């Protein structure tokens, strides 16, 4: 079996994603977890590029890495005390969870392999950033507008909840 | 690039409500966060206007087939508006006593969530459906945790959030698979594509089942459908009571319409016998059965009225799902009617619980003892709600159950109907228990609840709705049946 | 195409595992982000290989990213509340309400 | 008869319910007399109706005074459809009479008077509705509507274990009626075109498949059997009777139990003749068991009211036996007679037990003795109704039992069952006489019961009509028999399909 | 007057209603009305009798419909023939006498009005019974006399023994009625009618199978067994003596107990339709007669002696009627005199037995005791009573030319073709003479054994002696209407089938007289002359004596007694014999109560338990509730995903359901394990709360 460069890159990225995401969910130090989360997210952005979704990759980096992860690190710093690092960071249902996740994984993989998928009929548009922009303003203008309300609501909610002064 | 000419008329109600909600928040800021009642009244007034606008403007499909304003969506939008109206109406006590700083946000978030539900109700495409769902849910995460110093409330918020986001991810996973199978996000197109796929390959494979189950799990969370229900009692108990009511009616109705859009409209082809192995009906039927059993049996043991109502609403969703699995015109109509009556009965019950809680600070059912003597009207109202939920004629709950079970029988789910009816008998036990406590127990603590005007208004609306639409359900059923024709069976 | 789906499934499963087992609330949030990313990989993969509506998958995943961000914000706000009320963010201690 | 007579029977009490709700809470007299009025008017109408039916319509089996079918919920094909024939008219009369008398007998209620009478009027409305309805949906609604006031009446004004009794009654009967609902729905969707009209279904249902008939029949039977109550579904009855206030017991025994047998006769018997043939013998056996069992259990009772309650089980057993012998007009007429007569007699017995309880505050049979010396009129009435209950000729109980016996006996294959059922006559005599002896005969305890007062005028007024009717039917049953004869013959033809 | 005969029962009914509703508080008026009405009835009956004599006993029928159904038409009506006319006379005469007599006897009773109302009601019922034209109607009045009997036996209800006896009487007779009802049901089922004549027509025409006739006959006869106190249901009659003595005279001697005999006579065609049924009747009659006679020999209670005597005499009549039926079944043109004998004896017995009871009442009134050992020598103080009592005794013993002689003679004549019956009959006649005169001598002659009582004894007032005299007159002469030499005597008037011409049988007359005289003679020797010691005889035949004295142990060990299997009796009746015969009241009533206790238990725990089972399910559910609703949000998520995975497995795999089940079990176990490990870990972990 021959590896094309893109495949090589894919397996490399996959390896990084899987390993670092396992770290994310298992490391005792939550701060380290956050770092590995950022690594994972970066790698996913790489996958997006492999799949020809450059705009998405950019958004991923901007929104996740730039905003969400930083926010999380702040939150970790606010809430976690270093003293608690030694404590077991996973709860008692690890065994069960492993079973369930493994089951889920097996089923998913088995299902995918046995399913008839539609065949690709047309290639992706060349300039998909442009196309995405157009689509967002035309076909998908409604969700585009509504999602702004979601963000507004989340914003207001976050402010309400995090304000310290009594309820 | 040119903007296609969309029919903007049919989204006027949503747009108006969004603007109005923002105005309410601004009003609160502008008036120095002092006004309570005027905010509430403004919001309720806005809901009324929205309702009027809705009636004037509905009908049509636009935004690239993403947004459908059909009769079904109107029926559900009325339910959302009603739920929001009653939730705000019953929040006056909380707004006065417990929430000092963020009254505008509280009301605004309820309205935002309502806007989300309304979008959801009209979505006929997966992306907008998902976004509508999130717009419904995210404000509710915040509202559940709105009593920031109250551990129960915060716990409720956390649990709601974790389970909500988790199920949202599961739902997305399912939606992505569905997209992958059909190559489209348009529900009607999806159905066509699936049929074509099936016709050309003779099979589709387990991927579809995975997708279906994932989607059921994702929306099942919103419905609190067993086995995706477990957050519900905790969240219902911990949240501010009006929010609990809103959750149990509005958010649930939103889930139901999403469910029916995806499954009854989109995947209906798989309910027929040729493709029996892919049928989602049996899964939902099993879950409905589980919901009825679990909800009713668990509710018997509860001594907290909110928790009891939480389990009861789990059971109620089981009944509704009987109509859903019927996947027929009558089934959809029965769901619409059921939810409509459920709006009055359940919101009424939660409103009553709110007023009682405001006054006494307790949600214990035993504290209701002797209310029939001290506050006869209140006790009578609550009894009506309970009997309606139990499905005793002439309350509306009876006609609703009748319709749902009729649909079940018609679709051949006799076992499910018998089970449901048996469980309805069981449910009577705990519903009647509330009545019993109020009426039979000797009244030890005689106190008058001294209901405020809004409280009386909310209770009156609910009681009148339950009885009027119970005795003369024809207009609603007619409308629901008409709305069901939107689905091609 | 299947390898992308497999990657997504693995990532999703790991995310699920994190949600199910992390005691730290922020850990749960991070695991949720993993799950959303897995979904996104799915969507983009399908967009490329299955086709159909032009770029619907990419746009879908764009919205998913945005909404995931919004949820993260709200989630973190709730985590702060937890911290204030419990002086800690261990999720499995937060079970006052049960049964 | 004026138009909408049946509706007025149903809705006058409802109006009364609303009116009473708006009366001042403390004006007991006003409340009592208002509700008496609102129950008296339906009573008068029911008497008039009975008379009118007897004169004008008793020769044919057709439904008369028909109202509707008016469209009610077209989406469900539910209609407002009322009508009566020879088997509903006596029941309406009984309901009117017992409703009015029970309201009179309730005048001594002093606890939460307003609610009491309001619920009572609602109860009367529900019962009237059941006997008039010809649409399944309507029938079911009335069937259930009744439960709610009953629940409150037992639960609030009942005895020490009222809560248990009330919820048991509610749950038990609801449990039964859900099966009826399923059967109704199945029938609805099986019939073409879909209909809930009982009369249409009676015409079309026998064409349904055998298994479907058997299933529907069984489901209806469970619902009705619980109401009757047929052994072994009877255990709600003693509790409900014992805990219920006097007037409610009267209604419970006098009217509610009849709904079960009425339902069988009106609905499931003519509708599923094939299933009926399949189930006839088991039904008669259940009746036989109820007769013997009820009587034996009655004999062991220490509580006066419980004794009367169990005697109901025994007496309704005769109805079941008769219903099993579906081929005989005499048996079915005996069943109807038994329904009427049991309503009168047991109603009166409950009233009388209530009278004694009001004075003595106990119903323990062993606590009494020799009361015949102190309260002879009361004793006389009690003995009269005991005798009526044990089927003494000259009173209605005898006529009904005799007709049941001779009718059932001539039904093919029922000889042994019927002959065994006759045992019930002796057993009934046994427990009734034992009760009479231990309460009224023997040594009188002057120290304990010296203060006992004789039955008063109001109480006599409540019992007297029942006594008169009991004897009247016993002496001259032909009118009642003629009233329902044509209807029953028609029913038998339907069952013979 | 004849067509209006159905008025006769209504006179006393009117009296009853008037007393109950209007004159309850005016005691004298009540009794006056009652007596007036019964006398009116008597006059009317007399008119009817005369009218009937004029028609040579040709019957008359009138009826109105009670209930009309295709399968059965029930009617109320009257059937008047010779038998009816005679019975009407008997009932009204005895009733009149008793009512007048009661004026004295019940003088100081506080419930005077009630007593008369009951008597009127009884008279009404009895007259209705007699006049009935169908089985349905006779059954109605049959039950009504049972009711009034119950009320009158228990008239002094403060006495427990009295109320017990009433109940026992009612229930025991009802056991018989049970058979009666079954018999009626059979008749309805096969004949389709209950009218006497229609039923008889069907029986004779052979429209009903013979075995059904036998069955119906035996069942209908059950009613007579109960009411006429025949073996094995005779136990109630002696106890019924707890009632006032005039009541005993009226009901338990002259009229009600005769109803059974009347029924047998009335429905003779039915019984004669089957020889075996008729034989059952004859045998039952004989057994009763014999047993009762032997018991009467040794009893010391004056009324009980008379009660057993009544049993015995009723058995006589029934035996005679039964034998007639047997003969008739074998030969449709039989010359058997059984029918005539039975009905004739029914009439004469009514008079002299009423007289005996009233006489006994007079004695009891005087000495306030029932025990003949406390009496003696009363003839000195109570001339009229003594005389009339002796007349009655002679009559019942069958001494020429008293009425008893004529009727009893006919009964013996009826047995001529049945030697065994004849032997027993003569034996009974002997015993009858003996015990009656034992009673007479013990009571009225010799030295007073209780001085104190004797001192206070006095002759009864005129209201009591008057009826005694009237009845004594009848006891002497009533039998003369049946003198064998009369061409148109009793047998011409009261007949079955066709008029019977009767021929005297002089040998039998002599034999019966000899038997009777020897019985009297023995009694004279033992109790008057004391030539033979009664105690010595008792000692000599100790087992027999004890048997007799203890009434054959019927009441004590009824179920231990092995009753001779009786033809035609069903196993059902057997069961009743062995268990419930002494009423569901005293002896085996215990068993019933115990049994129903058991049923109560069953009711309470098993059937109710099934209902409450729901509660247990809920209990189990609550464990599951605690298990799943653990409060841990991560477990909620786990459960959600686990279920989803389960559903997928369920739908994807062929044996999905089992995988699913296995998955649930594994999940549950894992959860359980983790809970355990969690509790362990929490112990070791430091608290991190600040």
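Residue numbering begins at 1 within each chain, and the chains themselves are lettered A, B, C, D and E in the order written.
What we mean here is this: a contact is a pair of C-beta atoms (placed from the backbone, for glycine too) under 8 Å apart; a residue touches a chain by one contact, two chains touch by 3 or more.
What you are looking at is a predicted structure, and each value in this text was computed from that prediction instead of being measured.
The central chain of the assembly on a C-alpha centroid basis is D. Chain pairs A-C and B-C differ in how many C-beta pairs are in contact, and the one with more is A-C.
Note: the chain lying farthest from chain E is A, by mean C-alpha position.
Chain centres here are Cα means. That of chain B falls 43 Å from that of chain D.
In terms of their C-alpha centroids, the spacing between chain A and chain D amounts to 71 Å. For the pair chain A and chain B, the distance between mean C-alpha positions equals 30 Å.
In chain E, the residues that reach two or more other chains under the touch definition are 625, 629, 631-635, 637-638, 641, 648, 652, 688.
Touching of two or more other chains is recorded for no residue of chain D.
Shared contact sites, meaning residues of chain B that touch two or more other chains, fall at 127, 131, 134, 138, 141-142, 145, 148-149, 157-159, 162, 166, 170, 180-183, 193, 206, 209-210, 233-234, 301.
Contact between chains, as defined at the top, is found for A-B, A-C, A-E, B-C, B-D, B-E, C-E, D-E.
Within the complex, the chain E residues that touch chain B are 614, 617-618, 621-622, 625, 628-629, 631, 633-637, 639-641, 643-644, 647-648, 650-652.
Looking at the complex, you find that chain E touches chain C at residues 625-626, 629-634, 637-638, 641, 688-690.
Partner chain A is touched in their complex by these residues of chain B: 1, 3-4, 6, 11, 18, 22, 25, 63-64, 66-67, 98-102, 105, 108-109, 112-113, 115-116, 119, 127-128, 131-132, 134-135, 138-139, 141-142, 145-150, 157, 180-183, 193, 197, 201, 203-210. Those residues of chain E that touch chain D in the shared complex are 65-72, 114, 136, 139-144, 147, 150, 154, 157-158, 160, 163-164, 166-167, 170-171, 174-175, 177-178, 181-182, 184-186, 188-189, 572, 580, 583-585, 589, 592-593, 595-597, 599-600, 603, 607-608, 611.
Against chain C, the residues of chain B that register as touching in their complex are 126-127, 130-131, 134, 138, 141-142, 145, 148-149, 151-152, 154-159, 161-162, 165-166, 168-170, 172-173, 175-177, 179-186, 193, 233-234, 237-238, 301.
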